[in-house]
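For reference, the structure is listed below as structure tokens.
First chain written, first letter: the chains are A, B, C and D, and each begins at residue 1.
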């Protein structure tokens, strides 16, 4: 049986006036349909003189049955990290070009939502990564990411030195600009830029892909989604690397820090229109229809 | 409880005299330990005037508890495909350099086997691929592969045109020299040469990697191990592609042929010495200890 | 002073009826303008009951001031190889999509030619490669190529073993599906598929790019255009490789054969409309306008 | 006629005690041979209580016939940039592993230098890049580099947006972590890590290689060494990129900055022992002797 989406929480891309119109149109549509609405505090600014009841991003998940994000994949990632503990499904209305995650386009938003509220939608479970930083046996940082955890040289075009362990087995030591640990969801984001493979979104696997490795003998690795990955910032670094979560949260590391990465306990539920087809999005965004054929 | 390896079947790399010495030494050792031995027919030639009871490669699996292969990874692949239906574990004595699969070196073969017969070993399950070719709705070819199924341009340095479907969903159409569908085992073989990622050997996933694709917008794909993959030889080919199974069995395709690839019903059991460590082999074979660091 | 193009030789993509219309239209236009026309023998078939004076492909270059090719880049390569010794400039009318070499589109062919005959055009010099095969100190094959010379495994998905020398200096020995030696012109063709870099068309350099090398430690190499490159088919091959010239001429190699590759004595002159811009073609054909940006 | 190396300038890797021993041994040897010695100021610290006449790095080139660098390729790059205007040849004594540039090993240093002073050496010319930053039509930065000029995201794992022009022709606009413009010398350094090709050291060409480009349709480009390259930091960046010269000099860029890169007026002369062979170094450092061959 499909879910009832009576109470809806809204997130929007901040400080973006072009998003504002779509958000206002959405609010009017949802209110007319009788939904109870809440909006994340900073997104409320976009509604100007007709604000809704606003709630902090960490708390909105407790009050609603569905989150609708107006923005792009980045905004959806941000919302997803905020509400994942409440297991609230999320759907995205994309500001412009088709997104991998936010795949409803503004111009036919009402028609698409009509169908979704009538129970015609696809529910996709995506897992997240949880990464904690251990310093002298104390956890000094803990965060989650839907796309990727990136260890990198923070600010100098200079390589860092690190070790990678999987399930306490030593895999490799490497000098590189950094290393990306990505979920299948993240495999079409930064991991792709670094040369990583594309993982089916529902595959239970994690990719480990170095960024500009200072060796020829290198290749992306794909490990089981239940693996424990450990990255160690070795003593031989003369710059202090950084850690990023979905490219949205940053943390300054120190020599000797250990980063422990594993699948997060809660999965994230993404709502798609029922006509959604993963490879169709991929083909369009990756230009798989373009050929070099000469004759 | 460890398996009892009383009846042992032997395979050896054919027509290779350097393998012959190791095989003879092995036979003497195994006979001295009281094992009952059978040997694959063509391998028996290597034993010259002291042959064993020989059995066809398809039948030897029914008679024994363990297969020992003297050769390299290629010989082990060949043996594995012959005995997998009988679920007989296989171990490999490598002719020279360390192999990914055959990882016992001849010089300490007796010591390693001693430990293995005493129950000190690692058992690793590896899945195989089964691929059938359908022509006008009739299956005209069916074979299995431990490494990979390769669709390729057979003989001309010219691209072929094919479509890829996963679980009946259209993924892409491509012009390339060919496309490799590989198991995790095969991900360190031909798939690696074509730029594919390295999959953990026990990961339940299949990689799809094109060979020299005639487009820039391309990337290896990793799908769930239980996926049904379909490759279609499109009408626009003006050369007839070929299909290879582990690079050992070849088949001539025709325009319109469909290749259906999925996980084979039986898994293959690989025996390793208990000190075996997957990434240690990988580091050595892929030179992950070599750095370009300049200063 | 621009060249006078009074006597024109025509080449067309063989056996292609869709090319026929464009060719006929072209002939009428050129005859009306008073040009003297010759056509390559096999292309003449396309003109059906209104044939022109036909000449063998090797001889047409001696009779004309300009070659016009109707077809794609492959047809233009073929014509270029036939007339390069006569130093006759070539221009291409592309059958459909924009080509790298043949860059006049049929729908505005007359207008473009008008401007070219009026002296408004770009002349671009492109160098060719000459490759001879030496067997037991005898030259058994000699041909030229505008794009590339490819040494490859002819028909089996199995690697070949070869050595590469540059100016008699040993560079590397490799196991791969093959190796591509390409001009800058060829760097956007097969070399690109194999992962090679894009060379500016007028750069005096040659790229050497392996196809699916069975090693991780590999990278395309770019050498001076005046280098002498030698490929050696080593004794350890158990299949006989092949050699291809522009993917159009094929030759069966034997163990021990040496392939000597160097710049051909004559350059080839390509005519472009004066509005031609190399990177504009590249951006369009390689989809450099397509981005993955998410937010 | 070989050069006379009577007056020698010394550079050593700073703050590195392991370099100190080699440097002291070198000084004793050179003094015994009657050479007049000068040392760069900061390197003099390594000589402790037996210092030489020290000279600032910018001035030492005016006083000597030869520079000897004790350190690695990084130290040699640093010295080369300091003395290139004086056209003084440079040779490097490598602290440990063989370098691409510094290729005399300490253990047979005296024997190698003996031969070099007797005129038995190879002289290799390498070109440098000069890059200036223009801001509102004013040059705000100008520096040279022997390896590479890197435009990159300084500190955030976030892409930057830039345009590339070659000889005032628009090439591409891209989102990436950065972009590397490298000499042939630099093609085996950072450019290699980012996936760029290897250029013969004496090839007159420059490579342009993006770092983690956020698009699939990308490829390194090789342009003529006499090209004028322009990078533009577009208005759409929301982080301020940085520019690095040989990874040793850093500069903070602003939106709208233009980076103009061309070949530097002076070439740099590198001295090698006469047995030096470029590809031999490459094979060793890039592990081109390591194969994945299985059987």
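Here is the rule we go by: a contact is a pair of C-beta atoms (placed from the backbone, for glycine too) under 8 Å apart; a residue touches a chain by one contact, two chains touch by 3 or more.
Keep in mind the model is a prediction, meaning the values are calculated, not measured.
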{"item": "Which of C-D and A-D has more C-beta contact pairs", "value": "C-D"}
{"item": "Centre-to-centre distance between chain D and chain B (centres being mean Cα positions), rounded to whole Å", "value": "45"}
{"item": "Separation of mean Cα positions, chain D and chain C [Å, integer]", "value": "37"}
{"item": "Chain centre separation (chain A, chain D; CA means) in Å", "value": "39"}
{"item": "Per-residue multi-chain contacts in chain A, two or more chains", "value": "159, 192-193, 214-219, 286-287, 290, 292"}
{"item": "Pairwise touch network: line, ring, star, complete, or other", "value": "complete"}
{"item": "Touch list for chain A against partner chain B, complex", "value": "159, 166, 169-175, 187, 192, 196-200, 202-205, 207, 214-224, 227, 277-279, 282-283, 286-288, 290-293"}
{"item": "Touching residues (chain side chain C, partner chain B) in the complex", "value": "150, 152, 154-159, 176-178, 190, 192-195, 211-214, 216-217, 242, 244, 247, 250, 286-287, 290"}
{"item": "Chain A residues within the chain C interface of the complex", "value": "13, 71-75, 99-100, 188-189, 192-193, 216-219, 285-287, 290, 292, 294-295"}
